[in-house]
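Just below sit the structures, each encoded as structure tokens.
In what follows, chain A forms one complex with chain B and a second complex with chain C.
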Partner chain A sequence: MKMFRQIGAVTAMNFRSLPQRVSTSLVVVIGIAGVVAVLVSVLAMSTGLIRTMENTGRDDRAIVLRSGSMAETSSALDRNSAKLIVDGAGIKHDANGDPITSAETMRILSLHKKDDDSEINVILRGVGPRMLEVRPELKIVEGRMFEPAVTEVIVGKSAHSQFKGLNVGDVVHSRGANWTVVGVFETGGDSHESSLMTYAETLISIDQRGSFQSVTALLDSPSSFQAFKDSLSSNPALAVDVVREREYYQQQSKNMSTIISIIAYVVGGIMAVGAVFAALNTMYSAVSARLQEIATLRALGFGSAAMVASVLAEALILALIGGVIGALLAWMFFNGNTVSTSGGGMGQMVFELAVSPQLMILGVVWACVIGVLGGLFPAMRAARLPVAMALRAV
Partner chain B sequence: MTALVTLRNVTKSYVRGKQKVEVLHGIDLTIEPGEFLALMGPSGSGKTTLLNLVAGLDQPTTGEVLVAGDRIDQLSRGSLSDWRARHIGFIFQFYNLLPVLTAEANVEVPLLLTNLSKSERRRRVQVALELVGLAERARHKPNELSGGQQQRVAIARAIVSDPTLLVCDEPTGDLDRQSAEEIMNLLTALNRSHKKTIVMVTHDPKAAEYASRELHLDKGLLTNDTRRAA
Partner chain C sequence: MKYFSLVWAGLWRKKTRTVFTMISIVVAFLLFGLLQGINQGFSVAMRTLDVDRLYVSARTGMTDGMPISYLQRIRNLPGVRAVSLWAYFGGYYQDARKVVPAFATDAAELFKVYKEIKIKPEYLAAMEKTRTGVLIRDTLATQYGWKVGDRIPIGTSIWTNKAGSNTWEFDIVGTFDASAYGMGFPAFYLNYSYFDEARSFGTGQVHYYIVSIQDPKQADRISREIDAMFANSSVETRTQTEFALAQSQLKQLGDINFIANAIVGAVLFTLLFLTANTMMQSVRERTSELAVLKTLGYSDTKVLLLVMTESLLLCLFAAALGIGLAAVVFQSPALQKLFGNFSMPTLVMMMGAGIAVAVAFVSGFPPAWRARQLNIVDALAGR
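Showing the complex of A and B:
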């Protein structure tokens, strides 16, 4: 009890003398706020990307690629293979007994961003006639669905908001065709909203290709996946890889999100080292400024622990203030902002930065660690101060 | 009478660079309860070092220091802090008040190291401030008080926990003559009326005249020990 009262009394005295040290204290607060703001906002990219990709795909959908293909862009499935795939076990059938699948192909379109006019690759996905049954989450929010056999496209909500020339009625010029935008769709915020869609046979015909790139199949249930996979793997006429759709998209985002996280921690780490030195400097000068106080209190009988705790508490509180400010800045300026990036095999993808509560807490924890590291050595100096010598020095 | 302070063959040396400097050479000293001792001597004679040893702020290189029955030369740093809180009241040349605290909060500081309740702490602070004649300035901060008043607040802080021994390091060194006399009268009253044992380092012969015993140090040795009749 006595110890807590000592710590409380000395810490309170520290804080009451803070206004006399406001400029040096602000260095710590601003420095740490900067570290946390950068860390949280860069990690928000990774979180946003992961959240978008986790939102893409369902467990009861499977995607079939040519064996060894890491992504749809490098896959090719001829028409015979596509036909064999739809006969696989576990695929959901409609009332007429027809399998619910979508053989798909894709190509890259070059579009210009609305904000800076930069040229970005965007996916134009060719989908099968049963696409709406395979992807019931797809809703037309403006205009209408494309018609087969004509060069019409529907555009995802994110792509519509990010790129020029994607309003209903606009025409997108590309190699071999001019695509008329006839509708805008949403898919619940997943990665497809960054793409355009048309009828697969139309796209294949314009591109003069003889093959699809993937087949997406709606399964009877998530547990039917293994039966579906086994039935295709055991078919000697097929050389395909079968993955759950959700896992496929998670895998596609993994490399990108890992790189973003590494960048966040490297940049945040370098800045944090700088902030630790700023905190060290500030807390050393705080201890120097309070040398007489510390020596007097030690002479009167206050223990070393109270000195250590009070200096650490001051560093921690300054760091906490900086951390909260940094996290709030990141949240205010970046949360919900849309950014776009090229993802492995996915072309350009638009996603929202997500400054989640967990990220903000992580930022504040970083701030506290910086505060403790910056306060520790000055605190030890205060504790080890030879009292008699310090009293003589003041 | 049992001595309150006993020093036996105490030496104190410091290392400065590669040189070992001995500040006190084999000091033997006893101080009885109720004495008012003035330690005098030229600069560098070892007065403050001796005072620090008696107050438990420093430890001897060799020898024994017994204060209030405790061998304080054998105590650890932590135990010595607790011991100082129980036994020593400090009065410094530059008052060493905490600038952010009011006079009453400054006086209360040593009581934060006790288990006294808040109301009891407040009562004792009030008594101490009345004793030094500053009850009406309780809410003032140090920078709103004169030097003499600040030293009186420091004296109130020194006596508030009723310590065994008051140690004063040049208590009038920063004051004008009139304030110095007031402070010395106050210390004398504490010694005579409240039976406080006081050890005071001073350069000022006039201040030393208030003491019941005068001890001279020169080059780390006791050279003269004079007692005055009360």
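Showing the complex of A and C:
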């Protein structure tokens, strides 16, 4: 009990003298704020990418690709297979007893970004006539839906805001066709918002391609997935892979988000090492500035644990302030910023940086670790100080 | 120079503090060196990319094919030295996750276009004789344990052959060494003539023509001529230099570059505070010593210069260490494989030195000025 009272008294005394050491203390705060801000904002990129991908896809939808294909771009399903897939077990049927599926194909369009005019690849997805039942989340926010059999497209909200020439009424050129933009859609912030859509048969006839690339099916319930998968894989006329839609999209963004996370931790780690030494410096000088004070306290009978705790507490508080400032800076400047990058087999992906509360907490935890590491050795020095010598130095 | 030992002694007056400050600066410049090095490294590597090579693809997109008939027409243009071609094969080995970057090509012409890639003449001859032959990069051979003479099944996500299968069998007839080019060079080549006969659809389609020209200065003219030749035809073309092509591929990565710069900015800003604080402390502690120097006849300016030099020495020494460390990292085998023969660009070293000097001045000046303004009597009296 006595020890805690001592710790409290010494720590309080420390903090009262903090204003005299403002500039040294600022070094810790600013240094750690920098580390945390960088760590949090880079991680916010991978979080944003993952979040967009997780939004894409529902548990009660499954995507069917040719066996062995990793992505829709490298998959192909002929008309016959597409017909057989529709008969799979567990697919939801509408009031007339027709299965709700969408056989889809895609091609890559070259478009330009609005901000720096750089050329990027964007997906034009051809969808089936029942697409709106398969994807009820799709809403037209401007203009209208495309008509079948004419070269009309609707563009996703993100694509519309990031890429040039996608306003309603604009014309997009591709091999063999000029597509008129007739509407803008949103799908609740998922990856489809970075793409364009049209009718699959229109796209297939223009590309003179004989096949679809994937079939997306709405299931009776998430639990019917296994039945659906089994019914297709047991069909000898089909060679397909069946994946839950959500898992498929997560897989597509995995590489990119892993790379970004690695960058964040490597860069953040290196910066943290620098910050630890900055904190060490500050705390050592804080200890040496209070040399006589500490020695006097020790001579009065304060224990060494109190000394250690007080120095550590000071380091920790400074680190905490720095960490919170860094996390807030990252949140203020980057949360909700849209950036775009190449999303694996998905063409150009537009997504929002997401500075989530978990990330901010992670940043503050890093700050505390840096603070403790930087405060530990100076604290031990304060505790081990030979009292007589320190007092003589006056 | 005679003051060097004085500055040196001042710098090491408090060893722990100097060492810790130095480590922080070293870390900052290590990070600077790594990020800017990679950043600049990309553009340096791109600038050395051959400007005498042009890439012709369909205007509407690189995955749209062009007819093989264009080959002869491009070859006949004045100033063209050699033309080869690429058609995507989209290969994998055993399982779609094990990607093999395979292209169908005209091998004899290909190695005329890519002069820097080393291959034995007998391998090229064997490729010509063996219809199902393939040439592979030595690194790919090591990766899968393939040897010359092996027969390997390669799957493709795009093409079915006339037998109705999408697994094709090839005979390895030779390997090549593309280390002079770096990572981006496709590692697996099959004969276009065989590929075109054996595929069940898309006959006569090519995705890239690679054109080697005699005089790099003619790159613009020839590019324009090629595109003009096919304007208003069924497939219009777009011709780019190797540099432009690589740059547009890098652009696909989007806003990554901005992030690297933002990080470096944050790091250096933090650093400024750190060094300024160290110098400030060190001058404050030495108030009486500096006063003694002045008593001994050192002029105000000389004292100012002494402190500035100390700050400069600290920053430059630590920056050199940090960038040196980054250069060592670049020599690691993993990164060498990624970038080809890559070393720390001189530009980055110069930038590093410049920044170190700037940090030294900004952080050293206030304490140096304070030292200059010191009044001997007040300082010695501890006022």
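We adopt the following convention: the second predicted complex is superposed on the first by the 394 of 394 C-alpha atoms of A that agree within 3 Å, B and C clash if a C-alpha of one lies under 4 Å from a C-alpha of the other, contacts with A are read in each partner's own complex, and residues count from 1 in each chain.
Here is the rule we use: a residue touches a chain if its C-beta (ideal position, glycine included) is under 8 Å from a C-beta of that chain, and two chains touch if they have at least 3 such contacts.
The structure presented is a predicted model; accordingly, all values stated were derived computationally and were not measured.
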item: Superposition on chain A - do chain B and chain C clash or fit; value: fit
item: Touched partner set for A:387, first chain B, second chain C, both or neither; value: first
item: Partner chain(s) touched by A:5 [first = chain B, second = chain C, both, neither]; value: first
item: First (chain B), second (chain C), both or neither touched by A:296; value: first
item: Contacts of A:13 with chain B and chain C, given as first, second, both or neither; value: first
item: Of chain B and chain C, the chain that contacts the larger number of chain A residues; value: C
item: Degrees between the directions from chain A toward chain B and toward chain C, using C-alpha centres, nearest 10; value: 90
item: First, second, both or neither for A:274, with chain B first and chain C second; value: second
item: Which superposed partner A:304 touches (first chain B, second chain C, both, neither); value: first
item: Distance in angstrom between the closest Cα atoms of chain C and chain B, superposition on A; value: 12
item: Residues of chain A that lie at the interface with chain B and also at the interface with chain C; value: none
item: Touch list for chain A against partner chain C, complex; value: 23-24, 26-27, 30-31, 33-35, 37-38, 41-42, 45, 66, 68-70, 74-76, 107-110, 113, 118-121, 173-175, 210, 267, 270-271, 273-275, 277-278, 280-282, 284-285, 339-342, 348
item: Residues on chain C engaged by chain A in the complex (per definition of touch); value: 16-17, 20-21, 23-24, 27-28, 30-31, 34-35, 58, 60-61, 63-64, 90, 92, 95-97, 155, 157-158, 201, 235, 248, 251-256, 259, 262-263, 266-267, 269-270, 273-274, 277-278, 280-281
item: In the complex, chain A residues that touch chain B; value: 1-2, 5-6, 9, 13, 16-17, 292-293, 295-304, 386-388, 391-392, 394
item: Chain A-touching residues of chain B, taken from the complex the two chains share; value: 48-49, 52, 55, 57-58, 77-78, 81-86, 88, 90, 92, 94, 96, 98-101, 109-110, 112-115, 157
